[in-house]
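After this come two complexes, each holding subunit A, first together with subunit B and then together with subunit C.
Right after this comes the complex of A and B.
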């Protein structure tokens, strides 16, 4: 069973690696965005799905990564791959700064603090025009690299998912889950919850930082409203919930399913797609709060690595 | 034993909530390897005292020492890692984790031996067959037993049990009491909060009585039952 799953996974990865050879430009762009959503939903899952601390501003890390990488590329001539990694480091740095005070807030207070963080970041980026270009945005030197970015984005999605797998199947992951289940009990039983939350938060910020950098390089132009939209946070949350928060494959399934669906419907019915997304949110929360993968896991008693 | 520092010593502990003084100068001293009871009427400060010892609440005054070392003021998780394990009055298992995972999450050191030990402990409390069930799907009594196994998983020097008999039927109560006696046989030190006198009399060797946050009496259970201050505290003058 496990071997078959691994073989299937290897096959899918091989297929994705070879896909650009046969794909159209649209196909590559479609998959690129799919990878991006996988990485984002999975990163959100790492902190919110496991510890239960719902981050309503995760796009702040995406935007921070985008601007870190963008500025390094445009103003300092860094190679883009390195700049994107620096975007991940920058986002993790922000998480360290913000996580230390904010992770002491419980429940809705944390969610709102994170929402505020995103607004603050957007305003800061708009304000410091000298570095970021402010509201005019930041243009990156032209570069034809969508194939390389396809692979980089795919690798990021895969690495974040690998990280989720390693975390969820370890005692570290179990301890993060105890925070979600009962933080006071966890603390009384010897789990240093503050440190664990911060570690999960840093881990969950790095991926979006790298992805933001790749997004900036791919688009060639970023502005505050394009990399700090609240809608992106909402989308990654919905994807993770739809697939199954706290599971390894839930965010992947959610990202692929919802992004695929969105592309399909959006192209045809511009208005209907908003409605559909809203209906999915309500439906999931009401009927399958544990998500698709969570539902399967509960029903068939599947192990954690699913 | 008498010249060594007590395993746990609480001296003059005070905890206030706004204008209410929940614990008002309580003192206890526990020697290693015995089973102690902490009794007192409802609202006498038993659970608050527990919470102060385990660091869940910050005490306002007083000292707590574990084997001579000050532990008041330390974070709850540090106190737990120093060897103070506890159960809760209201069950607090991790419902989405399996029984085994509940134990693994609080284990440290080598994982393979932790798994082995977890299996043993679940067998010991009679939950061997339910090892892979989510804790939330277990019955009330099974969850109580799981909490006990979980606190043992921490290999604590001192075990604090908060009302183990609350809401438990007679059969399960006997299982729990057997388990507590088993702890003593294994040389562990237990402090049990309970307001069911029968339970206290059945397992404890030494009893502290708390009233209005103060230790008003201590001694062997038989003597405590006859103590006038205790009777007064429970039944009024």
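Right after this comes the complex of A and C.
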């Protein structure tokens, strides 16, 4: 069973690696965005799905990564791969700044702090226009690298999912889930909850930072509105919830299913898009809180690493 | 450019204090709703600002269609949103009371997204405004915007009314008892499900009142609410969660700080100042300025 699953996974990865040889330009762009959503939804899952602390502003890390990488590429001439990694580091730095005060407390403080963070980052980026170009945006030097970015984005998605797998199957992950189920009990067991929550938060911020950097390189032009949209946070959350928060494959399934639907079906009903997303969140929370993968796992008694 | 610290005159400072207190009273009335829901149900209503936005739209259409005094639309926006609040509580929020915070946060977030989008569909994202009472009153050296002055005073009245109700009426006592200790209130014969229902309704009506008052001051659009959710939360953090009088103090303080920031820094940064304040208060005094829960 397990061996078959691993073989299937290897096959899928091989297929994705060879895909650009046969794909059209549109096909590559489609998969690129699919990878991006997998990485984003999975990153959200790492903190919110495992610890139960909801982040309503994860796009702030995406935007921070995009601007860190963008500025390093455009103003300092860094190679883009290195700049994107720096984007991840920058996002983790921001997470440290916000997480340290907010994660020491319980309850909704963290959620609300994250809700406002996005707006604040947008204001900051617009305000320091000497560095970021402000509302005029930031143009990156042109570069033909969409194939390399395809692989980089795919690798990021795979690495974040691997991280989720390693966390869920580790003692670290078990402790995070203990915090989610009962934080008082977790503390009584001697788990340094604040430190664990912060670690999970930093881990979950790095991925979107790198993805943001890749997005900036791919687009070639970024502005405050394009990299800090609330809609991106909403989409991440909906994907992770739909697939199953707190599971390894849930966010992947959710991202592929919803992004696929969005491209194929909903593009024609764009005006209903967000309304539908809101309805999905409400429906999932009330009726299937464990999500699609969680549902299957309960039904078929699948192991925890699914 | 903003004036440097040296060129700030006492008159300017007085001006800032007056406008800060007026803005703060408005924050207080909106935040009181959030504080009530949090106190009674332990639910942070992410859709609170969205309800405010809906209240603002009621006022816009009231003024647009009837041409009557927009402040009279309080008579429409508050009851309408009260009813919507009852519906939301009865069919959605009631199911997650007592569940982990994750559920209620995500649920109200979903409600908020759906309502904002429904509003966009119904009324488009165009900026709307209620052109009424523009201009200012001059009080000696001070110039007070008419709409802001009325908003501040009405907000203060409503807040006072709500406190009076909480202190003196039977229902108010039941609400306070439920937020003090839910199980004990239940044992004493309080129908807590009904209290939840009424609380959500009243809180929605308070948000709607805020929306009506805001509608005369600023542009109305479907996404205007989110900032008010964050600020309302900041207000109850400042005042101490579950501490109802703290909401008034927190609101006034936030109004003052924002206006001072706009004077000494720039208007753009004053938005971020509220946020920095939130983080600092959480670090230094997480139990709020007035401390614990007392009602």
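Methods note: the second predicted complex is superposed on the first by the 297 of 306 C-alpha atoms of A that agree within 3 Å, B and C clash if a C-alpha of one lies under 4 Å from a C-alpha of the other, contacts with A are read in each partner's own complex, and residues count from 1 in each chain.
Criterion: a contact is a pair of C-beta atoms (placed from the backbone, for glycine too) under 8 Å apart; a residue touches a chain by one contact, two chains touch by 3 or more.
Please read these numbers as outputs of a predicted model, since none were measured by experiment.
*Asks:* Mind working out whether A:102 is in touch with subunit B, subunit C, both or neither, as first, second, both or neither?
*Replies:* A:102 sits against subunit C, while subunit B stays out of touch.
*Asks:* Where does A:265 make contact in the superposed view: on subunit B (first), on subunit C (second), on both, or on neither?
*Replies:* Touch status of A:265: no partner.
*Asks:* Contact-wise, after the overlay, does A:257 reach subunit B, subunit C, both or neither (first, second, both, neither)?
*Replies:* Neither subunit B nor subunit C is touched by A:257.
*Asks:* So in the superposed three-chain picture, is A:295 touching just subunit B, just subunit C, both, or none of them (first/second/both/neither)?
*Replies:* Touch status of A:295: no partner.
*Asks:* Specify the partner with more touching residues on subunit A, choosing between subunit B and subunit C.
*Replies:* Counted on subunit A, the partner with more touching residues turns out to be C.
*Asks:* Look at A:81 in the shared chain and tell me whether it touches subunit B only, subunit C only, both, or neither; answer first, second, both or neither.
*Replies:* neither
*Asks:* Applying the touch criterion given at the start, work out whether A:145 contacts subunit B, subunit C, both or neither, answering first, second, both or neither.
*Replies:* Neither subunit B nor subunit C is touched by A:145.
*Asks:* Overlap of the subunit B and subunit C footprints on subunit A, residue-wise?
*Replies:* The answer is residues 180 of subunit A.
*Asks:* Would you mind writing out the residues of subunit C in touch with subunit A in their complex?
*Replies:* Subunit C reaches subunit A through residues 44, 46, 92, 95-96, 100-103, 105-107, 109-118, 120-121, 223, 226-227, 229-230, 233-234, 237, 268-269, 271-272, 274-275, 278-279, 282-283, 286.
*Asks:* Would you mind writing out the residues of subunit A in touch with subunit B in their complex?
*Replies:* Per the stated touch rule, the residues are 171, 174-175, 177-178, 180-182, 184-193, 246, 301.
*Asks:* Inside the complex, what are the residues of subunit B that reach subunit A?
*Replies:* On the subunit B side, the touching residues are 54-56, 75-78, 80-81, 85-86, 88, 92, 94-97, 101, 104-108, 111, 114, 132, 150-151, 154.
*Asks:* Flag every residue of subunit A that touches subunit C in the complex, lowest number first.
*Replies:* 48, 52, 54, 56, 98, 101-102, 104-105, 107-109, 111-113, 115-117, 119-120, 123-124, 126-127, 180, 230, 234, 237, 241, 271-275, 277-282, 285-286, 289
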